[in-house]
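Below you will find the structure I want to go over with you.
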């Protein structure tokens, strides 16, 4: 097990290094002068020259890359060209908003997707299976940017039930400011007993979280269904039935526990992918998370930010993978012993 | 920025008796040769960090900006030396004659900062710190989300009367969302609503639109250094092919006016009598034939615009269509701004054939606009058209050194006539910069010299 | 194909038989009457069980034999109503447990019967236990379900039943996961689960097929011992005639979803009535008999969704006549307790 | 990364092709998907006849009828430049389909040969190719695509390349595992025994066995590719105006969507329906042919 983890972490480092090389190369061959981004739109050639010198852009690219790696190992991701703030600080500012959204979304996805998949598996090839299949495939087929806009039209414009976007109402933010503990509004307001803000931030979370959850819901439902169908054909399920275990327990405890491996892998990967999935959703619901951060950076070719966030996303993705594999090993005693 | 910092003087909004009005300087005078400008400072002004306004502070603050060599600090380049004459008097000595009052009123590089903070590196200010003397200071800053400002208690104008204690600036890029927030009353002031809503904005019960000229204008620059646009007749044909009214309508919702020459309406140097191109396909085709392109241009002409600019994005298809009518095949290529700029600067051969550009002056003198965009340059930074005309260059340089307004105007007009005839650029439209507000919000002053600024101090409900 | 070894075809010599209760009750504890279980598959209707009847008395062992696919397992699953629906469906018939038709029971009551009054042991001990739960959890389940036991009581009872099934160090086993046990041990656990609640009927579906020969005998001995002690009825489903000869009292032979012959075990081995039974017997190697006489049944069991006119065995039968291919032969009693479905009898 | 998803176990049982088709058609939802795909194909092929205003579908403006709501004249309304949305959606389908087919072609062209090499030769070639493939799969594909487009410049061809580059490893994996299982089979052994050349074994014997899973995978992918193209278009990184592209249309409508809702809503619905129908068919094909090919990630 330890060897397995060490091997995976080594692999992770390798992937990150590869990612560094690719993004760095891309950022350097992409047209657009970093110095111009740094100075804003009205810069004189001599100023540009000065900034190039300052940022080390005059050095050969491999050397620049070496410098970048050196700083990276010291935990320094550089500074944004646009705001001149350290990228690490920018990530710290933006990450909690994205993570909060992702946590809520993956919870929704699991809570809807898993039962849907289980029920569809139980009623294989019946009308309810077909309908749940239609629903699940539809969930995976929805363009998130379109769904987000539809939600805004229906729930904000027509029904007036939910806010159009943002994390917190301006007035609530002024009258009941949330104390900054973790940056997760739900958690912070709960911990400080700020019920108004808790309600308001939960309310603001609904539409973006459901939008973000849609793809994962469908995927988890499909995965759960196909795994459950296999599991339900297993002999031990017949055994359980033969000794009189109730159908509910067979489905949701004995069966699901066996189907949990693939389902958890799916959910974990969904979670990892959500970090890039938030991209459109944050854009449309003006959610001040990592997606917004990198969108702004991409628009300006703010390469330290792009690189920093991309690295973080890959790191996140690969480590979630790792965690999922470890978790599966914990849940399934068969894997554990191998 | 303009609410946290103040310059020595402000440019007055249009319609004022004076061209400038005092800010940190109570009064100022200029020497005969326009080389020495003396400013008498206001007494008892405090900075947010507790420092006081002195001549030394002004000197240091200008010197800091000049040394920083960042952003728009180049507009200070005419300064030869700054002298702190006494505690409340400061004199600027210039290398050459220049309208320094306009420079000192610039919204970009003429802010006065506290001496205590002058030594701080530029990054210090990026972290949400400030050291200005303006009425508001930052209370909290959430990147990409909101900035909360609170009033600066020791502001020199005092807080008698109706003012806001706190101002929340929500960072909302979406025009639709801004409109919704205004409708719902969760915002009092916005700077962008969808073009279609903007047209009918004043029909709303809750809200209204204020607008005025902004000194911003759009133009499409043609690369005059390489074929096909090295041909003057062809360039004129392009200028005749464009449906200006439709573009203004689609791009700005009609909020603006079709451009007359390069200098926007309302700015010093604007000449209403310049020749104005209008859409005239017959004439355009005639000119095409004259230019030797009887059968049109099949080889696609590359047109770039800044992908993040909604106006340029909206008019791009129209441009393609207009030019297709006279037989020019356009390939539209949106690029992020810095990439587009890079392409322009990559040399005439590699540069695009046409590029859209939104321009605004950093200080309100036409020289900057005309010099930056069309003065010959060894390595072009802003001369998108690769325009080269010594006569034009001579005229604007002369005009800049002419302190007397009428004489300068005449020279600028002459230069612009040359430019319009040569047609290196298509002057699309001047932007009217609207602000959108709740009706109950009062006291908004729109000043075209500061196109992106709302002055909060005067506002109240 | 039928494989296996019969130690001796003479049932009288069987030690196990002597152990059987001398006076089994004559009222059937389980009676199946004209059961039809059909499957609606994408390939057509499969009549897996088509009009099967048999019964088993309390304390008695009934052997059900036939090639794989003949419907014996489906019959057993039908008894517990474990046929996956859809595609399967019990079309008609009745299953009487102590006289009560359990096909008519609501599912809830049925659940109370499963594992309690009727329980079942499966062929594959390797896959019949849930891999992600401990033996203790799965075993205790039957006591909490049917005896209303608390967790503690259930544990006590589990230990007791494991001991009864001759499982060494039962406390350790309770904590183990299925994959940590050997096949024989797992089958013992399965047996423990099946008899834990003292069922009236135990359906053993090929309980030893997947096991080593030495373990097979142990498991079967254990089954019989337990049956004797608890006095339950045992339905021993197998394709191994040797096992039947040694352990069963009566035998039902099934072919393609139908019962073709039923007889007391000695009668069947001495004078089989159906050509299929005869073929079966000839295909079994017997110790001491010359192997070259071993015969193989030609052809294959017809696919279940194929509609057949006449006797289903006719196309493989060496004695078949035209009539066999036209008329479906009814069951005839040719001797007391000996029924055969063959036109030629 | 190695994980349960994306490992496609080869089955090698496609003998009963017609039976599979029957099972496919047995599912009403799959039939629904097939029906929509068929309709779309009609739109693609007969666009000039189906669209009421073909010239507007191609991009000509119609400034007199700007932002008109759905009516009998323009059943789905008109956009900012007065163009008929229905016509533009029809023409947009051409772009989407062409693009999807091209991406599949590129992806197969890169992924399949690499998979063949890796699976057939094994050893360090296999290691090299598969490590590289794994590494690419570990990147957030959308980001990679965006970076690539930003580098190459935004137009349709570059967008297609950008979508294909992070995509091919899926096919490499698929083909590799298929090859690994086929390689050991009897007939390959005998082909080798009678002295067939490596090339011949690879192309005449192994490749045909990979065709079915590739087709299944490609059907499953069509929907995602269309979605990815639309997403890039939405960000302004794909097709450039005035060409009709669904993603671009949604983003153009965003300026107006709370009031002139029809622009974004209908063009988005076109994306959704297309992706949905392909995914339904793909899901059905997967179920019918090879239940082991699982749903996997392709993030928009």
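Every chain is named by a letter (A, B, C and D) in the order it is written, and numbering of its residues begins at 1.
In the analysis below, a residue touches a chain if its C-beta (ideal position, glycine included) is under 8 Å from a C-beta of that chain, and two chains touch if they have at least 3 such contacts.
Keep in mind that what you see is a predicted model, and the values were worked out from it rather than measured.
Within the contact network of the assembly, the step distance from subunit A to subunit D comes to 1. Contact counts per chain pair peak at A-D.
Among the chains present, the centre nearest to the common Cα mean is that of A. Chain centres here are means of the Cα atoms, and by that rule the chain farthest away from subunit B is C.
The distance from the centre of subunit A to the centre of subunit B, with each centre set as the mean of the Cα atoms, comes to 40 Å. Subunit B and subunit D have CA centres that are 45 Å apart.
Computed centre separation for the pair subunit C/subunit D is 52 angstrom, with centres defined by C-alpha atoms. For subunit A, the set of residues touching two or more other chains reads 30-31, 125, 156-157, 284, 298, 301.
The residues of subunit D that reach two or more other chains are 150, 153, 254, 257-258, listed in rising order. Counting partners per residue, subunit C has no residue that reaches two or more other chains. By the touch rule above, subunit A contacts subunit C in their complex via residues 125-126, 234-247, 254, 257-258, 260, 331-334, 337. Chain contact summary for the complex, subunit D toward subunit A: residues 1, 3-5, 27-29, 32, 134-135, 138-144, 146-148, 150-151, 153, 223, 227, 230-231, 234, 247, 250-251, 254, 257-258, 261, 264-265, 268-269, 271-272, 275-276, 279-280, 283, 291, 294-295, 297, 299-300. Within the complex formed with subunit D, the subunit A residues making contact are 14-15, 18-19, 22-23, 26-27, 29-31, 125, 130, 133-134, 137-138, 140-146, 149-150, 152-153, 156-157, 215, 219, 222-223, 226, 261-262, 265-266, 269-270, 273, 275-277, 279-280, 284, 294, 298, 301, 306, 310, 313-314, 317-318, 321, 324-325.
Against subunit B, in their complex, subunit A makes its touches with residues 30-33, 36-37, 39-47, 50-51, 79, 83-85, 90, 93-94, 156-157, 164-167, 169-171, 173-174, 284, 286, 288, 292-293, 296, 298-301.
The touching residues of subunit B, when paired with subunit D in their complex, are 174-176, 179-180, 194-197, 246, 249-250, 307, 310, 313-314, 316-318, 320-321, 332-336, 339.
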